[in-house]
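The data blocks that follow each hold one structure.
Shared between the two complexes below is subunit A, which has subunit B as its partner in the first and subunit C in the second.
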Partner chain A sequence: MSVTTHLSRRRKPAVLRPSLSGQKAPVPHSHRSRRRHPWIFVLPAVAMFSVFFLAPTLLTFFYPFTNWSAFHSNIDVVGLKSFRSILHDGSLRNALQATLIYAFVVAVCQNLFGLGLALLLEEDTWLNRALRTVFFLPVLLSALAVGYVFRAFLTPDGALNHALSTISGAHVTFAWLGSTTWTLVVVALIHSWKWMGLSMLIYLAGLKAVPPELLEAARTDGAGRWRTFQAVKFPLLAPAVTFNVTLALIGTLNSFDIVQATTGGGPAEATQIFNVYMFRVFGEGLYAQAAAMSLVLFLVVTALAIPVIMFLRRRELSL
Partner chain B sequence: MTALAPRARRRRTRRGPRAAFAVLLAAVVIGIPAWLVAATIGKSSADAQSPNLHPPKQWHAAANLHTAFNQGQMARGLLNTVLVVVPSVILVLILAAMAAWIFARRAGRLTAVVYAVSISGIVLPPTVITMVLELRKMGLADTRVGLICAYTGIYLSFAIFFMTGFIKGLPIELEEAAGIDGAGPMRVFWSIVFPLLRPVIATAAIMVTLFAWNDIFYAFFVLGGGGDATLPLNLYQVANAQLYQNNWNLIFAFISIMSLPLVALFMLGQRRIISGITSGAVK
Partner chain C sequence: MKITRVQVLAVTTASLLALTACGGSSSTGATPVGNTTSATSGAATSAAGSSTATATGAAAGASAAASSVPKLPRVHLTMWTAQASATEADQVIGAFEKATGATVEKVVIPDPYETNVPTKFASGAKPDLMFYQPSQNTLAALQYKKNLLPLDNEPWVSRYADSVKQQGIIDGTRYAAIVTSPSVIGVYYNKADFAKAGITTMPVGYDELIADAKKLKAAGITPFYEAGADKWPLAWQVAVQLAEPTKDGSLWPALNANKDKWTNPVFTDAITKYQSVIQQGLVNSDYKTGTFVNQGTAVYDGTAAMAVQLDALLSEIQAKHTPAEIDKNLGFFPISAKGSIATNNPDQTNAVVLLNTENKQRQDGAKALLNFWLGADYPAFIAAAKTTSIETGVDSPAAVPQIARTISASLANSVPSLYIEPVAHVDLYLYLADMLYGKKTPQQVAKASQDEFTQEATAQGVPGF
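Showing the complex of A and B:
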């Protein structure tokens, strides 16, 4: 454990302050070191990454401005037509709203569930270790599969209504996945359920790194459970919070499977997040519109995820 | 040790109700969905139409698993998945390890910039629409090779990031000693650095397998619904085919067969996965 802890201390800042990472390394014989670590080793990775990640990203700044579709044989530049159409039919606003609400609810719930589980299963007993494995299992399942399981659970003649009918004696046919307001939250809760085991593991690791002397000191000062959590454990969990929120944001902004499996974007497009929209429109052959949405998603992630990560990092330092 | 003694004693008094609550929570939160799947797999198609928590009147589990496996074309799906996931994982690991070694050992502004660009894929969303266009132009759309290239591009950043951090924590002296003995960079990398990367390679391999095995979004765009469809694509087709709509017994049978390899993989590498996931978060 101490080895990994030590490593991660160096590893984490590297992503946020990459310009420092290179300079930190000791370079006693820089000339010889350079010859011993030739650039050619980087080349294959950079080539694959450039061709299959960076190039499509750059192309996304071009193709939305064309009439690329399944219905034209050639591709011409047509300006802002695609953006105008996703703006006017309301799909851009709708996707943006659905995705942001979804991301927010998941970021909050996944962290609350994960933190709650971590605190509950913190002690290292055999039972807790077994239960941690149980709560981690959904992480391993395909998100599509999880979506289908919950669809079977939540459809009007599904398991939940059936159970409620049995308990209440009345015939319950509530459409859990049929509300234009609440279904998005229901699906976000399913997403949180699938990933809470991962958050739990990360919080458990964070709790393990809390120095026992501090907990002892808090106890000597007469702090109760809640006070100890609030004043000692939680501030020290800041890096774990950063990591978890980042994971949740990246995961939800690029989410597709759970929504597609449970609602397919419905009812009335209420859960049509970016990727579900792109999938549908691409299937209709409207490639340029799908690419336009893809560009918007790219800009949203860059504008949202990066500042959030920076903010959380700064908060960590000030705590 | 003496300092910890009062803590342990205090905890023990509370352990009973706490443990009972944890077990109850697991039974409700994980147990109920798991039971729904297990019970439904056991039912006949007529009983599975409206899923509920009743136990099946008669267990049809074997027949359902058999039908799902055959009609869902799982053997072919499994083969396609393996033929895509295994090369992707190997490619990601080898390319990332080579690059990470240089990023970890070289200093200077250029290294920092190339490293930052290489790991940008962790945060930036893959732009799959234009990736499909590019793959079409390269003649790789609708092929397994195309999907392997897509996965490699998407997951490289993640692997480079993890491995660079790991290599920075390794002592450089071994490499230097080998260098003094006249070994070239190729020798040094393959016979000294790469073997030392075993723990991080195991973690990264399992993580990339987890992503790629369960992926449907990128597989959809790159492969479409052709004969090369992977398991999740098959599942989607099975679940959406008119013939199978609401045949939850077959859908769940498919899901359980598809999930089995990953659960087995996790059970085998549990410790490694957990330490790998968490090492990035603790400080």
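Showing the complex of A and C:
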């Protein structure tokens, strides 16, 4: 069937009308197919989506304005009371600050580690293939398990200090998770370590998509490894950078498990990121306040992610 | 159809077994009374293995009357425990299943227990019974009037010793069964360290305690071990300083009516004194990263001379050492701001609540389990748990060290802690941890406590908030 014939058929809706003689007009194939698969078939999927995704999402916008708590069964609308309550003591501001620092450090480190690994393991040798698997393994591990393992590893009498003591000959008891300034960075590095394998994989895919003729042209022009990376590979990796940065940013803003398992928000609330604080408030039975925080988090993620994605997309086009 | 036949067969068999008293009575020595069997002390003893607990004549009479254990072959109960109480009821569950034919599924809820249980409740999950802290402010998160079964008329209530009779009662109704001696906050001390520093009489009042701490430091001994990594033990040094105003009623009634604040001088002074203990170096050098487990080890072996703690510390030490070793190394004394009033803090390991599941068979089964626990099985239970008796006429087992008896005896002159008396729960320890790291002043700790208190009291709908 030619393109013209196909288009002309689409321009003839009259064939759908019944003929004047009362006989039914022949129904085109595409319309018969539509009749065989009516919209009712979509209902189960729509129902599932509504119950498990749409309704909870909509309720997230409703509960913050109620007095929902563990202490009584009734749920009444009370306006902005929950928001006033969470803004009152400054903990929300601290949690927001910790979350943003955490997200920034993870977004940078995870991408640097991932890109570095991808460049190092780019060639398809057997050793590189094996190492790619090794570096991807932490992605498959449970985040809680990773957190607990690192907590044990970094305690003052943990394996790291034992190793340092053996090497240095001095008794090292440094509290790696005991600093109110640096523990947030340590936990962010753990997070980056866990997910760098995924970034590596995406960068590897990006590197594989670089046209070989461009690399050959660069070599012919006398470009070295660094110059080739700078002028050819990195610009062509722009879509991978956009994807990885967005993924890391959104994933980190919603992070909970690694921080909860490693520090539980401590020391002195230094690593109390948004979701850890929300979990604590929810556990206190103050569900409306926790829901209000969830809404604030949603707004923060939206406010951050959209400009970042727009910037990165624009950057892709300019490169 | 097949299912119906099986059910008919099961009911018929069960009826025949009950009528002929063959259903396990030979192993328990039970006597059939209608559809119940009376589990004698023999049953309890056999379940406890090498039990050394003894019931006196009076108790035996009481337990004989109260130990009617129904046969419950088709009842399946679910019991939630915390990590700290995960094995506490194992002996009871085993003996109960053997005596009644019921099955009890134990589910360990991860820590923090008091946070995770209300969260699970919110999702609709509900066990038949569970360990839970028997204070008004923690049970409020479970909506106790709606979700818990009142236990005032249970047979074991009348057997409680005077020191625990009022525990577990909220608004005049008993919602919690106390199963072990409620925790008491006081000072655990290393006897050798005290002797080395020349301390022969126990301090009376917090100022004397600090003076002794300075003597210990001068003798080259670390006075207190603080467990900053676990955070929760940090509250106790402040808690003990509130005993006098708690006893004379000048503190909590006004606070609970929102006529006073946590920022008043009583709290801020207590917090400031605790801060000065840290600032004067009267604690272990690694107080920020110290752990509860290491606290027990340090006080036991004398690395640190004292720890202000509750019964959990003794349980931790008991798991590793014999009663004789413990009594040789450790002592205990209660302390308060100006005297020796103990502070009681019944926690989830001490109490069990029954849930309103709207299933009469399971509710009756849970009540039967509790009746068995605090009735026929009680001597065996305390022997297995190596804990002191809280029932009149039942002696504490020989395996209980003297220090545990001292702690239990101090309950008689004790007041409820800052986790029990307030109408709303406050995570004071978290704010004290912030203070340890220099992130909060004592005034800010008090303000954060007040903020949380107001938030929860308002959510509860407490009058005045």
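Everything below uses one rule, namely that the second predicted complex is superposed on the first by the 276 of 319 C-alpha atoms of A that agree within 3 Å, B and C clash if a C-alpha of one lies under 4 Å from a C-alpha of the other, contacts with A are read in each partner's own complex, and residues count from 1 in each chain.
Definition applied: contacts are C-beta pairs under 8 Å (C-beta built on N, C-alpha and C of every residue); 3 or more make two chains touch, one makes a residue touch a chain.
Note that the structure is a prediction, hence the values are computed from the model and not measured.
**Student:** Answer with first, second, both or neither: which of subunit B and subunit C does A:Ser168 touch in the superposed model?
**Tutor:** neither
**Student:** On the A-aligned overlay, A:His88 touches which partner chain: subunit B = first, subunit C = second, or both, or neither?
**Tutor:** second
**Student:** Would you check which partner chain A:Asn67 touches, where first means subunit B only, second means subunit C only, and both and neither mean what they say?
**Tutor:** Once the two structures are laid over each other on A, A:Asn67 reaches subunit C alone.
**Student:** May I ask you to decide whether A:Ala268 touches subunit B, subunit C, both, or neither, giving the answer as first, second, both or neither?
**Tutor:** Second partner only, subunit C.
**Student:** Once the shared chain is lined up, is A:Phe52 touching subunit B (first), subunit C (second), both, or neither of them?
**Tutor:** first
**Student:** Regarding the shared-chain residue A:Tyr287, is it in contact with subunit B (first), subunit C (second), both, or neither?
**Tutor:** After superposition on chain A, A:Tyr287 lies in contact with both partners, subunit B and subunit C.
**Student:** Tell me which partner A:Thr181 touches in the superposition: subunit B (first), subunit C (second), both or neither.
**Tutor:** In the superposed model, A:Thr181 contacts neither subunit B nor subunit C.
**Student:** Under the stated touch criterion, name the partner, subunit B or subunit C, that contacts more residues in subunit A.
**Tutor:** B
**Student:** Show me the subunit A residues, by the header's touch rule, that subunit B contacts in one structure and subunit C contacts in the other.
**Tutor:** On subunit A, the residues that contact subunit B in one structure and subunit C in the other are 155, 279, 282, 287.
**Student:** Going by the contact rule at the top, pick out the subunit B residues touching subunit A in the complex.
**Tutor:** 3-4, 6-7, 11, 15, 18-19, 21-23, 25-26, 29-30, 33, 36-37, 40, 50-53, 91, 95-96, 98-99, 101-109, 111-119, 121-134, 149-150, 152-154, 156-157, 160-162, 164-166, 168-169, 175, 179, 185, 188-189, 210, 213-214, 216-217, 220-221, 232, 235-236, 239, 248, 251-252, 255, 258-259, 262-263, 266, 270, 274-275, 277-283
**Student:** Under the touch definition given earlier, write down the residues of subunit A that touch subunit C in their complex.
**Tutor:** By the definition above, subunit A touches subunit C via 67, 69-73, 85, 88-89, 155-156, 173, 175, 178, 180, 266-270, 279-280, 282-289.
**Student:** If you look only at subunit A, which of its residues touch subunit B in the complex?
**Tutor:** Counting only subunit A, the residues touching subunit B are 1, 3-12, 14-15, 18-23, 25, 27, 30, 32-34, 36-39, 41-42, 44-46, 48-49, 51-57, 59-60, 63, 68, 120-121, 123, 125, 127-128, 131, 133-145, 148-150, 152-153, 155, 157-159, 162-163, 193, 198, 201-202, 204-206, 208-209, 212, 215-216, 219, 239-240, 243-244, 246, 250, 253-254, 256-257, 260-261, 275, 278-279, 282, 287, 290-291, 294-295, 297-298, 301-302, 305-306, 309, 316.
**Student:** Show which residues of subunit C lie in contact with subunit A when the two form their complex.
**Tutor:** These residues of subunit C touch subunit A: 112, 114-116, 118-119, 121-122, 140-143, 146, 228-229, 231, 286, 288-289, 425, 427, 430, 433-434, 436-440, 448, 451-452, 455-456, 458-461.
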